[in-house]
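Each of the next two complexes has chain A plus one more chain, namely chain B in the first and chain C in the second.
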Partner chain A sequence: MTQFSLALSGLGGQGIMTVSQILAAAAGREGVRVLLFEGTGISQRGGGVFGFVRLGDFSNPKIPLNGAEALISLELSEVASIFAFLKPGGEVWINAARIPGYYSKLRPELYPPEGKILDLIRLKTPRVRFIPADRLAREAGSAQAVNMAMLGAFIRRNPLFSKESLIWAIEESNKKFAEKNTNAFRRGFDFVQTEETPE
Partner chain B sequence: MSDLSNLATKRLDTPLLLSANQALARGAIEAGVAFVTGYPGTPSTYVIEALLTVPDLGFKVEWSINEKVAFEVATGVSWAGLRSLVTMKMSGLNVASDAVASVQYSGTNGGLVLYVADDPNTYYGMVEQDSRHYARLAVAPMLTPSSPQETLDFLRRAFDISEEIGRPVMILLTTALANTSEMVTLGDIQSIKRQPGFNFDIDRYAKAGPAACVQQHLDTVASLEKFGELTDDLNPLTLSGSRVGIIAAGITWNYLRDVVQAHGLDPCTLKLGVAHPLPKEKIRNLLDRVDTVVVLEELDPLVEETVLALRGEVGHPVRVIGKQSGHLSLAGDYNVDVVSSVLLPLFPDQAPASGHVENFSSQAQALKVRRLVTFCSGCPHRASYHALNQAIEQLGYRKSDVIITGDIGCTILGMNEPFQSCWTEICMGSSISLAQGFKYAGIDKPVIATIGDGTFLHAGIPALINAAHNKCNLTVLILDNHWASMTGMQPNPGTEIFAAAQSKQLINAEEIVRAAGVREIRRANPYQIKKAIAMLKEAISTPEISVVFLEAECAIQKKRRIPGGGHLNVKPEKCVGLDACGPNCIKLLGCPALERGAEGKAFINPQACTACGLCHHVCPHGAI
Partner chain C sequence: MTGHPLDSFFAPLAVAFAGSVKPGKIGFELIRNMKEGNYEGEIYPINPAGGDVLGYRVYPSVSALPGKIDLIVISLPHQAILDSLDQAGARGIKAAVVISSGFSEVGNDQAEKTLVETARRWGIRLIGPNCAGLMNPWARHFPSIEVRALPGYTALLTQSGALGGAALALAEERGFGFSKFISYGNRCDLGDIELLAYLADDPQTRAIVVYMEGVDRGREFLRAAKSASLRKPVVAIKAGRTRAGTRAASSHTGTMAGVDEVYNAAFRKAGILRVEGVEEMFDLCQAISHCPLPEGNKVAIVTNSGGPGILAADKAESLGLNVNEPSPSLVESLKPRLSPHASLKNPVDLTVESGYEEYAAALEAVLSEYDAAIVINVATPYLDSTGIARGVIEAAGRRRKPVLTSFMAGRIVKDAVGLLDEAQIVNLATGERCAFVLSKLTERTKILERSPFALLD
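Coming up: the complex of A and B.
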């Protein structure tokens, strides 16, 4: 396959690393070369998390500036932390949910409005999709499975691997929550087909 | 973390997705180790974490009290003829360095490998230390792999060569490699069955007398040279005919490869898989064939200094591009962009200067939501720092009167808003000794040290003994949450649940404090906030050294063990709204479970809340 670089962002506990590892497992199953990078930092204590997934013939896992074909952000404003990596004209997939921090809980005006984030993204690309992943995950029976809903939505437009390989990788990654996770993945997958969001 | 229970499977025909840390864990299994130990320090933590998830390993794996002790225990195993691996982050190598320098001169019998993880670009806090200096300092061989696969392969080699030259071998990863995963092809698991034994040989195993020590030094130097010969293949030199040469150390090789491939460049290259000793002959050979050489190495210019020294030995001028030439930085880690910026201008034909493509990083940064690095929901340390600030205020001191020294681990988060309690952070155990220094300098107001239970056991005990012995009037708060939580909830010798489950002796820190001669010892549950404040006031007012244990289990660990536990609610009819409330609950506590809800009133996220009750205590309107 040709090269594909994906940058992911979110907050600690949202499951960025799980999404990366599921993609890597699917890549392994289909014989695609894969590199992962985990930028966890001290995320457990409230900071951001980022991850890189690179498919194809790369030697290093760190995506260069303007080098990612796509971004996935599990939180609205956190897309800003990986935006510099987006290739001009690339795709941006955002969970429309906001998780304010200490300062923006005290002063809500410190959290950027969606319009400003959209303006930022449009500096590089018109291809942005906001996914109501919180709702899709809840409908699938697991509020935690936001990451799976986002993965499903992304995969619908970017069939990097077969749906079967991904479902297998999701089941392998967590047997206990396999059903809820695959449900959320399917909800995300079907959402992109059935509903239109601002493009 | 992915499921690694098959990490010890004897043969696996298909590659396994492993991070370099996990590859080290597998490498230890393949190399037939008898013992693995270390101290948690991210990113090195995940080697032992991975091994601890594997059932039926057939060898001993344990967290040690600190890195120096870990290295010494492993040395004993090695001197008795068996193989052992020790893991630590760079700060831990500083702690272990006394033992490391000495053992290198005595050598080893069974293979002994020390894995150290550096953190250029400080993904995890602490200093940007270049641990390659320790290899020079201790006359120790050091390997620097560039990928997870190489990490596994190099570790196996390290054990074999450690035994061949009879010396410990260091293996250095950086965060960017330690946290990289790829499909790794596994090797066979060696079955090493050896009877432990040790021979009396004080010329080698003791440091008694200058003659023996000088001979040990000479032998160490000779063994390092032999290591260089045995690992020559780990420094491949490729002479392409280009007049540009690149020397790439460790992980920088991969950035170079991606740049070279993307632009179709063909420079001469020297990949350095060995950080110490450097392959001087190969560097000379490279310099002979080029007019310009680029040195790629993160942090300090150790290779570059060697190149500059050797440059005079070749018959023509060679331009050296690196840190001293001003092209590359001493700080931060490298990536494709950094490597491109120095490499591409040297190949104007293959990589013509294209217009700058804006990446809009400053516009993106401007929109980033500022987030507070703080305690988790329900963390007992939040209650402890709230109580401490209250106690200081109630005693009539201003916040700026009372110096509070902090220490390593979650407890240091007391330096951040909203508490801003801790003024300093040096290294493990230093809060107590630093506080003693402030008192010695003549600070007449109270000086308070805060330290976690694990950090106290690691390096705080000698400092406490020193302060107690010298009758220094300090207040020491041991924030005892039972776990090394910052690195992912490892146990320590005072973790009762772990000691009971593993049939280990529980170590009681309070008895240690008492044995140090401290008479004023108090114990409080930080969630019982009024009692805790009263006790802290007493302790701070005591005219001699006093120790307060503020004890409650890490909220995350407790929730994992006992799910449920309920949550608190805000009564909207009583809450006056965050903006109308003086210093409101969010402002005072910064608890992640507290949110701005409908109509600007406080709202408690039921998923995050642990019902610790602290917000109930601070709410002036009885709304929680």
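Coming up: the complex of A and C.
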């Protein structure tokens, strides 16, 4: 496999780290080198969280500026926190939901409108895709599984690992919620299947 | 070819030249530049006189040309331009460069308007008029009256053809190459905005330099610059800083040169790196092409001589770089490896007797703590500066951090500088110039790191 760098962001508790660990487990299963990096800050109080997943022959877990092939953001405005890492022309996957985090609860007027976020992304790439991951997760039986729905959607277009390896990794990561999580993953996966490439 | 609509300008397979074919005239010079540059596509001179020029058959009119033509370069007198554009349009040519002058720059707005209307009618995109042409050295494509550029990684986009030409001539002296050169003159159709967007996605271009006297569509320009500067460094040389400069600029390409401070603010917002002149631009672009970006602003200066080190430190600090002293643990690790007379501050002064080992050890150690280093070597004829260069190359190669050197000076360091060049380590005449370049690279890091919402208004 060639190299792939993925940056993820969201709010504390949304499961950024879980997604990273699932990708790492799938990488392990398929014999791909993987490095993880996480930034959690005040995540327990709803602050921003970001994570890097680097697949392939890397020695530094930190993605350089303009170095990520793709971004996944579990919350609309949180994409801003990892935007600097996006490679020009790369893919951006966003959960279309607005979830007020720590800062936007303090200063709600600062929360940027969706149009502005889109404007911003388009300075760097036309390839942006909004996924209604909140809805997909609810339909799968778990409002918590937004991260799994996003992962499924992303993997449909970026088959870094087989679906089987990912489902195995999801099941291994949490036995108790395995069914709901894999359901949400499949919903995300199938959602993209029926649509166009993010372009 | 990537299939971009502007590729016809930069990588055409056949080019027509409508203009004079007499030696010394612009039309002839364009063809000569193409021929001497070893262009591999087809060249079609056009002139009613017919005959041959430089071994190419001259065709009497655009309509008489054989085969498919991608680009037409026009250096005809006024009255003949429209007719030749019409013929080009009828032949399906979609790209034209108009070198000829005498349009809006001298108040002849009507002629320029007619020119644009004619081109639009045929769906032809125009560069010019009143320009010096363009170049793509990687494709050996030189439809320009200026000195042929060497292939490189910097694109030069210039409003003033002559300044562009002077920059190319200076670049040649320095062995500095370009990915693209475009003199866009009066920008009646394609100008800085469209070309910035093109260069932002051009794979051979690592840095874009814009020489400008004024902006006409400010908002669009800033958006194009923002978008481009997220992809690669955009460096601007803005002329007309002073009142004298402004006056001259307005009668040069006919644009209003605005208040300098407004430009500074706009450039900051757009993520543009501003330089004062051509020399600074070369220094910076050479570093952009070959150096990694620093992660922070801590710079170590390693030198074998006090004076030049202090000058570099002064300059670095005045430009906002952090020239703090090394930590106690770094000092401890340096001590046993350097001369007992060495000064373990910043600059780290290795003293004059230091060679390969001291330089390699000191540079390796400081790079573990600092974000970047300036290495100065004032050569003495009895010490081997090539050994020092090797030490620097080895230590710099172990980390992805910017290392700039200033090996002084002239003949006695020629071989050492040759080695540094080969290793793609930028060597500049003084430590101060290294400090300037580092300050701009640090600014570049900040541009990429800044809050993305700072990009929007």
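Just so it is clear, the second predicted complex is superposed on the first by the 185 of 199 C-alpha atoms of A that agree within 3 Å, B and C clash if a C-alpha of one lies under 4 Å from a C-alpha of the other, contacts with A are read in each partner's own complex, and residues count from 1 in each chain.
Here is the rule we go by: a residue touches a chain if its C-beta (ideal position, glycine included) is under 8 Å from a C-beta of that chain, and two chains touch if they have at least 3 such contacts.
Computed from a predicted model, the values in this text were never measured in an experiment.
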When chain B and chain C are modelled together on chain A, clash or fit: clash
Which of chain B and chain C A:73 touches, first, second, both or neither: neither
First (chain B), second (chain C), both or neither touched by A:120: both
Partner chain in contact with A:100 - chain B first, chain C second, else both or neither: first
Partner with the higher number of touched chain A residues, chain C or chain B: B
First, second, both or neither for A:173, with chain B first and chain C second: first
Partner chain(s) touched by A:143 [first = chain B, second = chain C, both, neither]: first
First (chain B), second (chain C), both or neither touched by A:65: both
Chain B versus chain C as contact partner of A:183, first or second or both or neither: neither
Contacts of A:84 with chain B and chain C, given as first, second, both or neither: both
Colliding stretch - chain C into chain B, listed as 133-141, 367-375 or 439-447: 367-375
Residues of chain A at both interfaces, chain B in one complex, chain C in the other: 65-66, 80, 83-84, 88, 112, 116, 120, 123-124
Contact set on chain A toward chain C in their complex: 65-66, 80, 83-84, 88-89, 112, 116, 119-120, 123-124
Contacting residues of chain A [partner chain B, same complex]: 11, 21, 24-25, 28, 33-42, 44-48, 57-62, 64-67, 77-78, 80-81, 83-85, 88, 100-106, 108, 110-112, 116-117, 120, 123-124, 143, 172-173
Residues of chain C defined as touching chain A within the complex: 200-201, 223, 226-227, 230-231, 293, 445, 448-453, 455-456
Interfacial residue positions of chain B with respect to chain A in the complex: 2-3, 14-15, 17, 19, 123-125, 147, 176, 179-183, 251, 253-255, 257-258, 261, 335-337, 340, 357-361, 363-365, 367-376, 410, 413, 417-418, 486, 488, 578, 584, 586-587, 590, 592, 594-596, 607
